[in-house]
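Following are the structures in question.
In what comes next, subunit A is part of two complexes: it sits with subunit B in the first one and with subunit C in the second one.
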Partner chain A sequence: MGKKLTARKAPEQKIGSLVAILCIIALYIFLFCLDNVLPASNGNVQMLITVLKKGAIYALVCVSMNLLNGFTGLFSLGQAGFMLIGAYAYAIFAIPADQHSAVYQYFDGGAIQFSIPEVLGNVLGKNGGAFLGALICIIIAGCVAAIFAALIGIPVLRLKSDYLAIATLGFAEIIRAVFQWNGLGKITNGSNLLRKYTNFNDIQIQVGGTIFKLGTIFPFFIATLSILIIVLLVTSSYGRAFKSIRDDEVAAEAMGVNLFKHKMLSFVISSFFAGVGGALLAMFQTTVQAAPFRSSMTYEILLMVVIGGIGSITGSVIASFLYISASEWWLRFLDSGGVTLFHTHFNIPFFRDGFRKVVFSVVIMVIVLFFSRGIMGDKELSFAGMIRRLRGKKAVPAAEGEEDAQ
Partner chain B sequence: MSEKRHVLQVENATMQFGGVVAVNNLTMEVNEGEIVALIGPNGAGKTTAFNVITGVYQPTNGRVSFYEKPMVCNHPRGKMEKLYKGQNPKMYVHEHTLAPTPDHITKLGIARTFQNIRLWKSMTVFENVIIAKHMRAKHNIFSSTFRVSRKEEIRMREETEALLREQGLWRVKDDLATSLPYGLQRRLEIARALATDPKLLLLDEPAAGMNPQETLELASFIHDIRDKYKLTILLIEHHMDLVMNISDRIYVLDFGSLIAHGIPSEIQANQHVIDAYLGVVEDE
Partner chain C sequence: MSAWISANLPYLLAGISVGGQYALIAIGYTMVYGILRLINFAHGDVFMVAGLIMVYATASLPIYISVILVVVATVLLGVVIEKVAYKPLRSAPRMSVMISAIGVSYLLQNCALYFTGGLPQVYPNIPFLSKVVQVGPATTKMVTIVTPILTLVLVFALVALIKYTKVGMAMRAVSRDFETSELMGIKINNVISMTFVIGCFLAAVGSLLYFTNYNSVIPTSGAMPGLKAFVAAVFGGIGSVPGAVIGAFIIGICENIIKGLGWTVFSDAFTFVLLIVILLVKPTGIFGEKATDKV
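Right after this comes the complex of A and B.
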């Protein structure tokens, strides 16, 4: 009986995971080419790089929100707040020492006078220091966000549904206000920008005399790793306990699931990855300021989660790439005053600034109307499932294998 | 029977919601290996009594002991001090207040089913049962996530498989719990409760919605699991045939108070019970 269970993986599943791994490798090779082989001056290549970077970051943040909202059933709207904490924690520890006087010009050079990438750079060389330093700063960012989550989780997680949403939303707004407060200026630089810290462009390796840029691979690497950890968590015994809380809290408690402990775990882990996402966003933007981390950012993330399907990790990933591509790239022409078709420019009067947002809203409404449970519902897109479907067998819902990115 | 240990003792338990006394000074005990029934007309406070025992509610007054160790204990406090309408308000003042959450009580060894089936809707039969194993597994979130405690997971899967096979649910293991026919859902709920390795099983109307044939099967099923898993069973039921057939002893509640207890033949002959169920003329 036991043997059968341990070697239970169906052949489709094996092939499926193999295909998934190959796809991820292919994706990474493509990303490497994008950074190093294709001409960087090409506008489309630049746009693709931007969209992919931002998409990967949002995919991570969406999955972290899905862990909380979709898998544990806790309707929390604090994501932007935890991203803000992560972004600041990252930036503060990654600003080079000699730049402090410039960045913290109104606060006597700030309180923290060292930079982790620089300290490591002294030992490992500039590139190694930047990579490992960024990695450590990202982990610190996640941990700081997680600590904040643990602290506010104690009072807030006693609340249910809408009340929890309001409390977490309030927390995010308070955090934004506090980080802009001049009293903390020596650390947060008040309402001024944090800048000059290690960003994606600093992540590179030198082989012989040539320098290879890894600026696009890096966010994908962090996002893939984080999403993989979340997938492992969700498919573990704890993940099942989270789902039982989502489905029926009373029954979960009666079957021995400690509600507070499990809600807290989910909240802290989700916030950790939101913090990591915030750190990546800080790297992407090259400057950090508290002002843009509004509740509208949380709603944007929530929208992606809903479009992708609440309770589907692959859905969140797909939705975030689609959303970012559409809003940053595909619908750009709607703001440009007209369209160019067959080398002729058509002036269309209502194609001007802001029209993109109108069309975008309509597209979202259409999606929500026709896919009321999101693109994926609560199912996962997996190669194993596809193979099964191709063979004509009945597809088993929620197969274990997962396809990452795109 | 008398030398057997008390599995459950409920002493002077009163549950008062605002001004409404749902359970009034309930005292009952369940001995090891017994099947005890709690009956009464609708709204008599049976499910409230269950909720007090399983920690869903903290009683306003009274004590519940499990294997002769106090598990739940409370006395009227705060606002309830003035509002309290029950008996013996000072009895437990000098004892420690104990208010474990339902998961702690389940961990001690009391499992329950629900009157209106509460299975986890989006999950399969297999998942529904294996989650109940989560509580007793020796793992933490890191070892579980990073598959360090794989042995533990395999053990959980094996135990779940064994339990599902015993309960005749193995062939539907991959079906969604809510897609099962009603009778099987009831059975799954019992299987899920058994998965927590209980010593005492509380069944809240296990025969609700069952036809006479299914009810008959249920009676032998309850006997079987009692013997097989060395359980003690406390059940709430409305089917009098079933109750009289399987219970060793019966407690009868009416308007929150205990009106009778004894062996089935005594209860059948008890005038208070007949009045409670059929109504008394002077009530008009």
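Right after this comes the complex of A and C.
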């Protein structure tokens, strides 16, 4: 394919990445304003903040699942289990020491008697400690999830397609049972809530006398960083090996790709980021309990990945924001007993609690049945591509197919 | 010894009874997998919907008519699901069909949530099944004794159907080779519909027995029995009806013995430990046939 194409593509790609970086900067400025300038009492602003935070977290989790299901072709349904591990690992290390007796009230104050944000806070001040401590706890959360994944992966990754799916689903359920077990109560607090740990509201900086909240930027920062790492991985030679395993396992092996090593790598990395996502979810919820991390959570994430397009990172990101805003915000009116149009309230009897979810699942079924490629298929959304398309249509319409083929 | 028996008999009885109910669900999984190579994730939710239909039907109808209505409606639901959600994807990759099944499961659970308002629905008493009886030193409901007997009768009937009737022969042919049997003039769609009819009929019967024991139905009550029945199907060798039944009884009994030992938290997890052990030791299950990968 060679030189001619790359030479012609270069300026577009440069402009594309420039636009992308500008967009990200604009997004961060907007998020900063959302936290600090716009009135927090406004219902819509609050809803927007909630949706953005949750959307960013799910975007990360979806991309991590996509790495496994979409890029490596391993149909794993264990995501909720690894998120659970991440959420617990985060919470356990971030509960302040003086809160232990309250949180672990049934387990004599628990076994771990320190909190990383607090220890760092003694050195760096309260805000610095909270930020860096949360960051370290999130990394620990990812690592613990990754270690579990490595252990589970040894037996499970020998299985294929639906057997793999059901085995990972089984492991997720086992993990949930273990975390609810009272025998580990001194660490996991049994089936009781973990709470009072560092959450998004504690992330702030003090410049001069004024305090700036960073509660919405923080999950975006972690999610962007993590997704960037996954993108770099997918475009590296490891990523090409993953895709070759997805497309044809036997052929990949014949070409010298070490199947087990690459499957394991993909599984462990995906679980690491699922753990990070779980930690962020714990921060978002401000309390953690093992019970909600059941298989329906994995299904929900899987449906987001499908809506975005299996094998498209930008698709997963777009889909998770759409999914979260539709389910948390835009479709709320379906639950509220009627619609208000032009200042008149229409009572619609079947608009009651739960109707939103029914409509939502019908929409999902329509997507699964009739648009099974999702929003993006396996393509990526890129500014370079958009520019090329705009130019291509004006100048050389024939060139488009050639470039898509590359 | 007799003290041990009288202490553990209730758990053993409960185990056999629950095992029979799992068996009735597991047959639905194993037959659909045998023919379509699809884990029908929605099957557990069909089972839950059967329970809800019973709750709503008995509100206005006499109990025995409701029982018939439940069976008919559940069978219809299963066939409709197959026609709407699985048939259009027949030539799609297996993963898409599985995702569609997960979507259907999500839809059924959300519909149930909508209609029940999230409140547990009290399951009606079926007079004959809820009668309290004495078995040796243990008291239990009639359903505990009826379940294993009914299960075995139905399973033998089903095995006979598969072995000796034309439909059964067609099913065996389709599960062996989809395309060839189509070329031989077997109407694939009828066979698949028949599979769903049988699976859902047994799930409806299972739900009558299961919910009589548990007294209430919630939107997620199908998820766990569904997963366990699937594990039973894998354990017995997926595609094999007797295998699924044996697997279901083993899971039901072990689960209740674990509860009896005071490890209730792990009673669900045990099922999955069993699944993973069997997948590692003998991935095709006890009665499964060895599948070879073609390049």
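The criterion applied here is as follows: the second predicted complex is superposed on the first by the 381 of 406 C-alpha atoms of A that agree within 3 Å, B and C clash if a C-alpha of one lies under 4 Å from a C-alpha of the other, contacts with A are read in each partner's own complex, and residues count from 1 in each chain.
Methods note: contacts are C-beta pairs under 8 Å (C-beta built on N, C-alpha and C of every residue); 3 or more make two chains touch, one makes a residue touch a chain.
Being a predicted model, the structure only gives us computed values, none of them experimental.
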Point to revise | Side-by-side fit of subunit B and subunit C on subunit A, or clash | key: fit
Revision key, fill the gap. Between subunit B and subunit C, the one with more contact residues on subunit A is chain C
Practice item. Could you look at A:I154 and tell me whether it touches subunit B, subunit C, both or neither (first, second, both, neither)? Key: neither
Exercise for review: Give one of first, second, both or neither to describe whether A:M255 is in contact with subunit B, with subunit C, with both, or with none.
Suggested key: first
Exercise for review: State whether A:L22 touches subunit B only (first), subunit C only (second), both chains, or neither.
Suggested key: neither
Practice item. Scan A:G170 for contacts with subunit B and subunit C and give back first, second, both or neither. Key: second
Check your understanding: In the superposed arrangement, which partner chain does A:V37 touch: subunit B (first), subunit C (second), both, or neither?
Key -> neither
Practice item. Considering only the touch criterion stated at the top, classify A:S296 as touching first (subunit B), second (subunit C), both, or neither. Key: second
Point to revise | Superposition-derived minimum Cα distance between subunit C and subunit B (Å) | key: 8
Check your understanding: Common interface residues of subunit A with subunit B and subunit C?
Key -> 250
Exercise for review: Flag every residue of subunit C that touches subunit A in the complex, lowest number first.
Suggested key: 37, 39, 84-85, 88-89, 92, 94-96, 98-100, 102-107, 109-111, 113-114, 117-118, 220, 223, 227, 230-231, 234, 265-266, 268-269, 271-273, 275-276, 279-280, 283, 293, 295
Practice item. Sort out for me which residues of subunit A touch subunit C in the complex. Key: 75, 155-156, 158-159, 161-163, 165-167, 169-171, 173-174, 176-178, 180-182, 250, 294-296, 299-300, 302-303, 306, 310, 352-355, 357-358, 360-362, 364-365, 368-369, 372
**Study point:** subunit A partner contacts - residues on subunit B that touch it in the complex
**Key:** 54, 56, 101-103, 106-107, 111-112, 114, 118-123, 127, 130-132, 134-137, 139, 141, 144-147, 152-154, 156-158, 161-162, 174, 192-193, 195-196
**Study point:** subunit A residues within the subunit B interface of the complex
**Key:** 1-2, 5-6, 229, 232-233, 236-238, 240-241, 243-244, 246-248, 250-259, 265, 311, 378, 396
